[in-house]
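Following this message is one structure expressed as structure tokens.
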Amino acid sequence: MNPVINASEPIWAVGSAFLTALLIALTGRWQNLRDLWSPLGALAQFGIVASLVPAVLSGETRTFTLTTPMPGVALYFKVDELGLFFALMASFLWFIASLYSVGYMRALKEHAQTRFFAFYAISLGSAVGIAFAGNLFTLFVFYEMLTLATYPLVVHKQDAEARAKARVYMTYLLGTSIGFQFTAILVIYGISGELNFTKGGFLQGQAPDWLLLSAFLLYIAGIGKSAIMPFHKWLPSAMVAPAPVSALLHAVAVVKAGVFTVLRVVVYVFGVDCLVSLQVAQILPYVAGTTIVVASLIALFQDDLKLRLAYSTISQLSYVVLGAGLLSPLGAMGATLHMVFHGFAKITLFFTAGHIYCATKKTKISQMRGIGKQMPFTMIGFTIGALGMIGLPPASSLWSKWYIGLGALETQHYFALGVLVVSTILNALYFLPIVYSAFFEGGGGVEALTLPSPPSPNTVGEGESQLLPSPDAAGEGSVNLTPPAPLSASREGGEALYSPSPFTERGQGGEVNPETPSPTLPLSAGGESQLLPSSEASGEGQGVRATEKPPTSEVIEFSTPYLTLMTLAICATALGVLVLFVYPHPFLELARRVAGL
Amino acid sequence: MLVFILGLYMTIVKGNLIKKVIGLNLAQTGVYTFFILTAKVNESTAPVYIGDEVRYANPLPQVLILTAIVVGISLTAFALGLVIRIYQAYGTIEESELSRLVQANREAQPSTLTPSSSGGEG
Amino acid sequence: MWIDLTLLGLLLALALGITFSRDTLTGSLLLGAYSLILAMLWVDLNAADVALTEAAIGAGVATPLMLLAISRSTRAELGEVLMTVQRYRRFPPFLVLGLVAGALVYASLDMPPLGNPNNPANQHVAPYYVQNAYHETGSENIVTAILVCYRGFDTLGEVLVVMTAGVAMMLILRRS
Amino acid sequence: MLAEHLPILHVLIPLVGAIVLLTGGVLRPLREVAWGLTMLVVLASAVSAFQLIPRVLSEGRISYALGNWKPPYGIEYAVDSLSLLLILLITSLTVIITLYTRHSIQRDITPNQQPYFYSAYLLFVGGLLGMVTTADIFNLYVFLEIASLSGYALIAIGRRREALLASYNYLMIGTIASTLFLLGIGYLYMITGTLNMQDLQARLEELYGSRTLLVGMAFITLGLSVKMALFPLHTWLPNAYTYAPDAITALMASLTTKVGVYTAFRVFFGVLKPSFLSQVVPLEEIFMLLGALAILGGSLMAIFQNNLKRMLAYSSVAQIGYIVLGLAMLNVSGMMGGLIHIVNHAVVKAGLFLAVGNIIYRTGLEEVDDLNQIAQQMPKTMLAFTVCALALIGVPLTAGFVTKWYLVLGSIEAGRWFLVPVIVVGALLAAVYLWRIIERAYFWSRKGGALTPPAPLSASREGGELGSPSPFTERGQGGEVNPDPPSPTLLPNSEQESQSPPAPKTSEVPLSMLIPTLVMAVLSLALGIFAVLPLNLAERIAKSLLGAE
């Protein structure tokens, strides 16, 4: 069998992040010194994790028991393929994200930066902790730690809205994890007296089917972080956070931790065989598939870029659950791959969104016409990220989708296959127009219609707020449930009258732009997001009467050192997406091992 | 036993704080009597040693009650002390009045320290 | 026997009087009288030491304390408060009392018979005291022997309770 | 020579200390050193208690016959693993809290009252220790009264005049309870003729059908349920905890009710045998139900409180529910959960009350609504508060998690599935009522100028739609409207401001208050991370309690 080696690397990988947080907190007074720690810590972490790759590839398993809080229940770490996979991605992306967030935070002169970076580091420590957790207890510990550590990041704005949203965030994550996951862990422990992950699972035949099945469903419901509907609300809520945090939530740590946990549970706790006998394949893919399609549909209607990305995440992450739920090795392989590949693509997209906001204070898709001329590198990065979402070459997610598709074929799960096709189309529908309008529109005619100014006395000049109270509420409240209503409403809006639909509020959001005092935006905001679903072509048509008047078409993404830093970060991750497309072999190999092929 | 019930009744039902103390006393005496009764031995004498052949009443419960009486009086004394303090602070020892006062106080100023009872210079 | 009954009758009457007396002064005076009668009853039950204590403390200490408290606060009572409040508030206390009374009666049904020397209470530990107290402690009064020797720690506790009460009074009364 | 008296020493030391303090109360020099003396006394008591550990672990139950009178005739003191747990808890917490009293109590009493205060304080501690150490049920009653009476007094000296009423009500309810307890003892004595618990246990076994026993136990149970503030009988607790001096609240919250629980279960397992529960009355069912009710009811009440101490008091009611629930499960895991929660909750709740005491000491703020940005003013205190709060919620690697782990495991083992959601929901409710404080303390911005967002206007419109989980959204927005609160103490209630001095940037409490608070926080983490030691003890206890079966 594979040699099991007791080694302390996993604990150092986790500890390096916590140490970084400590250093950040201690040196908070000296800004430059403080901001040095994050990249350094990330590098150290990545170095440690990467040093484990050869060992794992050669079949070793490294374990470490830190302490035993309760008899029989240890803080136990174990490095295996799946964990390494996640840890590699997280620590690498942390490095880039730390550079990016230094740029972001400084460019916006954000407050409480020390707290921000410290908790960012803790979050990463927790993420790697989740990756290397060797049993359910350790996993749960870091899972909760991650929730708590991200809370200060989400509530970073500290205004009423951020607090309310952060409360939603906490409620969903803590509620599901304490409510369901904790119980499920104990049920599992009660059944088997065993918590350590074992390849192939350790639960088969330990209890009656109904008990196992309910434990499994409890567990899946308990992983609120994977954002499977109906436990997805926290993700759009968390969009109040600054862009680097969104990147953290979506690409690096939180959601990833959720799907990672799903994979862990499916492969290492219950075991595929066991789940097959429980007929989970009849349940999980349907839930995941529904989530994919519905979230994509919702994403279509979001005008706020980050919200659209958020729903896209919900949909994309369910691919992983879908892949895992197919209970075929190929599906599991695809799921594993998608976890990483989506991470690279999505972090690019979020970096882009944050970068655009930093540089221009724009948050709406409808405001971004022609932005590609101002920020070509950024938007190229965005394009690559978007391709990654859709799963087209030259983006790496082609591979992961490919394997999930193969898995669906293998198990003859035609529903899953259908979902893949439909969602790919939907993805294309909601990303490509952005790309198109960014590069090929804008600078055009001046909008003729002028709308009554929305009654918002907001002092947006400060521009600190990329908090988007209203669109989010709209997205959650009405669009989500009754897509047709806003559809017709804003269509009218597009023609003549502005109707008091949720989009009124969106108008206020549009107001945020300090450079466009004339309130012409709302109309096109409504109109644009409207037409997107119907077809790409008509989106184009709408674009002709684009309102956005780019103040200048000169390239602004290198105008300050901070923006340059951010641009470079985007380029790096975009490059990552491409590299992974061209050279996915180590990951394919690792994923193959995870899936047991 | 009836006394015990009566005492309890007083403690619960009476509105006057002193009356409650009296009730408490009454209830306690009920319990004491119960103990004394368990100590009763027919045709016996008080447990003062006068020789081995005599039948004595059971001394143990009596001892217990001696202790209990003293404990009881301590409680009574302290309760009465409290009553005096309450009267000084509120000007009444009627429960209904007190609850009214407390209510009014709470509504007026949710977290005000009353100067009269704050531990200033004695 | 008739002495017992008379005393019991008196006690009951006094207790009722205390309960339904209209003002605190009457109540506390009656309580003093009640204590005395109770002490007499206990003497009759061969509990001389306890009776002495009760007479001294119940009548001799408690009553003056009550009087002191009344003189330092107020004598007037608003009358039967609960008689004036709504009906529903009167219900729960009676329910509780009824339950307790029921329990007492229920328990008394299979209690060991009163006064029987063969009761477990009189059989297990007590005879040891009776037989050995004098020889082991030298005290003729068995009650004293137990109080001071066998269960001396209880007595220490009892003294401590008194002390606690004293401390407590110092604490609360000496502040203003 | 002292070694053989160990089982009694830790009880006697505080009592003697109290007497010394009292007699010294009249001497002026002693007033100055009252605190120091108390500290010495509790330290000595703790030292003697810790000496017990090896002996109990190696020998099991240590018996000590007071005055050398043989147990059924004289009074027996005994230390077994269960009482050892409580003894260690009481002595060590007392040391920490005594440190805390030094400054915090100065606001509640005058200097010349100090000897009396510390005397009562030591009597209280001694009473509790006596309760957990004695093996004689009447002696238990006596010490119960010592502890109760000094407890009433300690509550009565609270700053506000409501403290007097709270104390009085507690006294009434408590005395009725102890009178019932005494009556119950009378019943037990009547049918057995003994007062020693082991003796009782042996002699009672053949009497399990007896009505007298039944009613006697009912009285005892009722009386003790009041003392431990089990849910429907908890009414004395919130007021008492709210108005007592802060240090006393911490002491009582962590110890009094625990000792009540201890006594109850000492009676159930030391006087009765588990078979009584299974044969005669399914008492464990009742307790389980009450525990569950306590968890839900207490937590819900806590959510609706705005006074910090009152909120924590209701939370205590809920936490007692956990303990009772666990102990009533009658299986090893569940009982371990309950036992370990006795320790965990004592530490955690003491930490919370101490932190709240710090806040009140420094700012005079007692309402949740007033705590905006308190963390900037008192970062260390709030750090401790946060850690303890997380521990109470039961986040992994904290004390509360261990408890919940074993409780859920126990209820699964017992096949009582309905308890699982109760425990879990209790944790979530705890998160709700504690998190709003953390949120306020850290994230309720009082930032002026550039960062005050325009959001409130639009956000408040949406607050309703969002259906946010806590009832405080609206109030929150009210607070937010403050244009630029310059100091954290800016409140609707302006009188507060005049009382507390204008707050400097950070103003922590004196070290003598800060250190205990931080120690509690560290302990509540340590009890989560290194729970093996206490758990081993708990397992031992649980097995020995159940092993009698």
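Letters A, B, C and D name the chains as they come in the text, with residue numbers starting at 1 for each one.
One rule holds for everything that comes next: a residue touches a chain if its C-beta (ideal position, glycine included) is under 8 Å from a C-beta of that chain, and two chains touch if they have at least 3 such contacts.
These figures come from a predicted structure and were not determined experimentally.
Peer 1: Central chain, going by Cα centroids?
Peer 2: The chain sitting closest to the overall C-alpha centre is D.
Peer 1: Just give me the whole-number Å value for how far the CA centre of subunit C lies from that of subunit D.
Peer 2: Centre-to-centre distance between subunit C and subunit D: 32 Å.
Peer 1: Subunit A to subunit C: how many Å between their CA centres?
Peer 2: That pair's centroid distance is 73 Å.
Peer 1: Can you give the whole-Å distance between the Cα centres of subunit A and subunit B?
Peer 2: 67
Peer 1: At what distance in angstrom does the C-alpha mean of subunit D lie from that of subunit B?
Peer 2: Their C-alpha centroids are separated by 26 Å.
Peer 1: In subunit D, which residues are in touch with two or more of the other chains?
Peer 2: Expected reply: 109-110, 113, 138, 142, 145, 149, 152-153, 156-157, 164, 189-190, 195.
Peer 1: Multi-chain contacts only, two chains or more: what residues does subunit C have there?
Peer 2: Within subunit C, the residues that touch at least two other chains are 104, 119, 121-122, 125-126, 129, 151, 154, 157-158, 161, 164-165, 168, 172, 174-175.
Peer 1: Got the subunit A residues that touch at least 2 other chains?
Peer 2: none
Peer 1: Touch graph of the chains shown: is it line, ring, star, complete or other?
Peer 2: other
Peer 1: So in the complex, which bits of subunit D are touching subunit C?
Peer 2: 15, 18-19, 22, 25, 66-67, 69, 72-75, 109-110, 113, 116-117, 119-120, 123, 126-127, 130, 138-139, 142-143, 145-146, 149-150, 152-154, 156-157, 164, 187, 189-195, 199, 203, 210-212, 214-216, 218-219
Peer 1: Give the list of subunit A residues in touch with subunit D in this complex.
Peer 2: Interface residues on the subunit A side: 67-71, 73, 75, 111, 137, 140-141, 144-145, 148, 152, 155, 157-164, 166-168, 170-171, 174-175, 178-179, 182-183, 186-187, 189-190, 456-460, 462, 464-465, 467, 469-470, 473, 476-477, 505, 508.
Peer 1: Spell out the residues on subunit B that touch subunit D in their complex, using ranges where they run on.
Peer 2: Spelled out, the residues of subunit B in touch with subunit D are 4, 8, 11, 17, 20, 24, 27-28, 31, 34-35, 38, 60-61, 64, 67-68, 71, 74-75, 78-79, 82-83, 85-86, 89-90, 98, 102, 105, 109-114, 116-122.
Peer 1: If you look only at subunit B, which of its residues touch subunit C in the complex?
Peer 2: 1-10, 12-16, 18-19, 21-23, 25-26, 29, 32-33, 36-42, 44-50, 52, 55-67, 69-71, 73-78, 80-88, 92-97, 116-117, 119, 122
Peer 1: Would you pull the subunit C residues touching subunit B in the complex into a rising list?
Peer 2: Residues 11-12, 15-16, 18-19, 24, 27-28, 31, 34-35, 38, 41-42, 45-50, 53-54, 57-58, 61-62, 65-66, 68-70, 72-74, 77-78, 80-82, 85, 90, 93, 96-97, 100-101, 104, 108, 114-117, 119, 121-122, 125-126, 129-131, 133-134, 139-143, 145-147, 151, 154-155, 157-158, 161-162, 164-165, 168-169, 172-176.
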